[in-house]
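Below: one structure, written as structure tokens.
By letter and in written order, the chains are A, B and C; residue numbering begins at 1 in each of them.
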Amino acid sequence: MIHDYLSLSILLFCLGILGVISRRNVFTVFMSVELMLNAANLAFIALARLHENMDGHVLAMLVMAVAAAEAALALAVVILLHKHTGKVDTNVFSLLKG
Amino acid sequence: MAQNVSYLGMIPLLPLIGAAVVGILHLATCKKKRLPDQLYAVLACSTPILTFVLAVKVFFDLNGLPVDGRALTHEVFTWFEVGEMNISMGFLADPLSSLMLLFVTFTASLIHIYSIGYMAGDESFAKFFAYLNLFLGSMLILVLGNGPVVMFVGWEGVGLCSYLLISYYSEDRSNVLAGNKAFIVNRIGDFGFVLGMAFLFWAIGDSGFDYISLKTNAHMLAPATVTLVCLLLFVGATGKSAQIPLYVWLPDAMAGPTPVSALIHAATMVTAGVYMVARFSFLYVHVPTVGLIVAWTGILTALVSAIYGMFQNDIKKVLAYSTVSQLGYMFAGVGLAAYSAGIFHVFTHAFFKALLFLGAGSVIYALHHEQNIWKMGGLKTKLPLTYKTMLIGSLALAGCPPFSGFFSKDEILYSALASGHTGIWVVGVLVAGMTAYYTFRMIFVVFHGSPRDAHAYEHAHEPPAVMTVPLVILAIGALFAGFLNLPSLFGGSQQVTHWLAPSLAEHAHEASHSIEIIAIAASVAAFAIGIFIAYRKFGKGAEEPVYSGFSSFAYHTFRINELYDVLFVRPYKAIGSAIGNLIDAHVTDGPVQLIVWFYRQFGSTFKLLQVGYVRVYAIYMIIGLSVMSYLLTQSFK
Amino acid sequence: MLSQWLFYAFATVSVLGALGLILSRHPMNGALWFVVTLVSLAGLYSLLSASLLFALQLIVYAGAIMSLIIFIIMFLNIQPADIPDEKGKWAYLLGGCLAVIPIGLLLLKIVSSLPEGDVDIVGNGFGQVKSVGLVLFRDWLLPFEIVSILLLVALVGAVVLAGKKEMTQ
């Protein structure tokens, strides 16, 4: 049964990758990254259940905290970029300079 | 055998030190406050005089030795040692080099002193003297070197100084071109010299490469090698001593200051080729065929340049062609194995030609750098001392008995007749007549008749004593130097020939006194006819002739320069630009360009990957990860 | 049996939500689809006896983070013209699938080498606030503190970045 959970985690992770590499919308890309984090969280918790050890839970909590920090920063950057160009297209930000 | 004396190394070193001191002082001060010219003059003139004193000492030391052992040597240091080649920076003074040493230092001292007056007020007075001292040092290395390699150092050194001094007035582009020409033509000759040295080394160099060892081992050489070496060395001599076909640089070399023309291009450097042939007399004496080539080259050069000399307008050009002509005589002498006669002519020529050049310098100085003889005239009254000394020099050059040129030239002509080379003798006598003609043409036009340029005539004045005293001293030399080698016919004992004998592989031509009298009579007759024609044409004043036909052709030196330009210079330039434009651009640069092209293509291929889109980089990362995963899956059985 | 059925239900819903996220054109639609995924993931956590994480997933993720994202999307007032015109989206998705499949296969292979276990609800406080809190404050105190600093830095950074009037050129 645990294998099913882990397989689901892998599936969601792969969908996250797909979202990151095939979409150009900043928000979609960003949420795809969040999706990958959640897939990892699912794997942590499934494995914690398998070993009946709560370290996995703690790790999942830390991942959530990191995700929250990331969200705050990433969204600030998105606001800035939107102010700058009026676009939410990743391809607009192709010049590697200010 | 050879005696080792330590002061020998000092002789070339002194002028070199002088050159360094004067040069460094000049460089250090020329941008700021100039040091007084007198200081430089004293510094620069002291070294030739000191070397002259040493040269006299060398002479007396040699004289005190037995005839067979007359050689002083000094090995300063081992220069380089490569395999079998062991070259030491060593010096050798034997009768031949001591004679050269004496007159080189003597004329150099006088010309240094003369230059103080001639160059007075020149902007780079000190530079001139530094070059002059450098030249003297190089010339002394050439003369005193104990082997061909050391000689070559001096050989190149004098070539360099010649170049520097010809281009001395470098503001004028034509002077620089003349310097370049001298240098490049000399390089062609030097190439022959180097090849000759290389063959000589290849043949017998492994058992010592100095004159003494070479002389001992000369018998081991195959006849073909001797011929080859002698021919190649002679190519070097034609370059340095301005013989056919490489004489073209010497007339152009007159662009330099007149003392330079006197010292380098008349008295000393240009005779280096003759000295070299005499030095290698132990080789040349075995190949009479090469000797004949040398003699004919010499006498033809004498003829051709005498023809040129008859139609020149520039006083220095006249003297330059006269120098080429006299050098031709010297080669005729050494080519006919009359080495002492050739060297003796070098010796006397140094006096009277230096005198003539310095005299011409006085005239030029008096007339404010006017060199065209057709703008002079009647200067006899204005420049009496210069006139007298130049007259002595001209008589010596023309071969009037008993002036020095008569004896030395006559000895060469006599050798030609005595050894049965009548053709050379006939040409030689003809040239003697022409020499008398063009010399006195110059004298008559410059000093006799009425002044052609009244303004310049009015301002002409005798130069200061510092210039006239050397003239007088040289005039005395030109008068009496001939008596040093008085032939037995006149009751002399040929002291110079006997003095030189240990150095030279000479065999005297035995002939009756009647032949000698014929030779002398012919020379004197040629001189008389030459001077008579000159007097008839120019003695009472003449206007500048209009050259046409042959004379125009001769005035333009048979268009040899143009011929060389078409034959050598332009093809060479064409080849150069062809190589530059085709081979260099396409063949040599090809691989380089290919590599550049390859990297450029490589770069632009990879540029396609560097699009700048963040997403694309993520794709690369995922592709990499994916490939890695695939490979890991395969190995995960 | 019920837990198995629930698992399949939640799994299907979460995969659907993820698909909706990566396929929807407007980010707002995507965000709402993502909320669906997050909520179903919370259900899965509860099936795995992680009651604290279940609550945190709902409160922090589906609650705080997602509402922040949605707030920003609405705040920027994105017009249809601002949304990138993704012409090759389907080609990229297809290519992306090809690139991702080996990764998924490798991970699946690793998973299949793990021991299998059942997921019955565990008693004695597993996954509850007290026991997780004990582990957190005993064994993970230092990482916890570091994360707190990270959050502080992110907070300051976000304020600084978003507070800029204009980007310096």
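Note that in this section a contact is a pair of C-beta atoms (placed from the backbone, for glycine too) under 8 Å apart; a residue touches a chain by one contact, two chains touch by 3 or more.
Because the structure is a prediction, the values reported are computed rather than measured.
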Pairwise touch network: line, ring, star, complete, or other: complete
Between A-B and B-C, the pair with more C-beta contacts: B-C
For subunit A paired with subunit C, centre-to-centre distance based on mean C-alpha positions, whole Å: 6
Rounded Å distance, subunit B centre to subunit C centre (Cα mean): 97
Length of the line joining the C-alpha centres of subunit A and subunit B, rounded to whole Å: 91
Sites on subunit A at which at least two other chains make contact: 17, 21, 23-24, 90-91
Overlap residues in subunit B, where contacts from two or more other chains coincide: 619, 622
Per-residue overlap in subunit C, given as positions that touch at least 2 other chains: 96, 99-101, 103
Subunit A contact footprint on subunit B (complex, rising order): 611-615, 618-619, 622
Subunit C contact footprint on subunit B (complex, rising order): 619, 622-623, 625-627, 629-630, 632-633, 636
Subunit B-touching residues of subunit C, taken from the complex the two chains share: 96, 99-103, 105-106, 109
Touching residues on subunit C, where the partner in the complex is subunit A: 4, 7, 11, 14-15, 18-19, 21-22, 24, 27, 30-31, 34, 37-38, 41, 44-45, 48-50, 52-53, 56-57, 60-61, 64-65, 68-69, 72-73, 75-76, 78, 82-84, 86, 89, 92-93, 95-97, 99-101, 103-104, 107-108, 111-112, 114-119, 122, 126-127, 131-132, 135-136, 139-140, 143-144, 147-148, 150-151, 153-155, 157-159, 161-162, 164, 166-169
Subunit C-facing residues of subunit A, complex: 1-8, 10-19, 21-28, 30-32, 34-35, 38, 41-42, 45-46, 48-50, 52, 54-55, 57-58, 60-62, 64-73, 75-80, 82-84, 86-91, 98
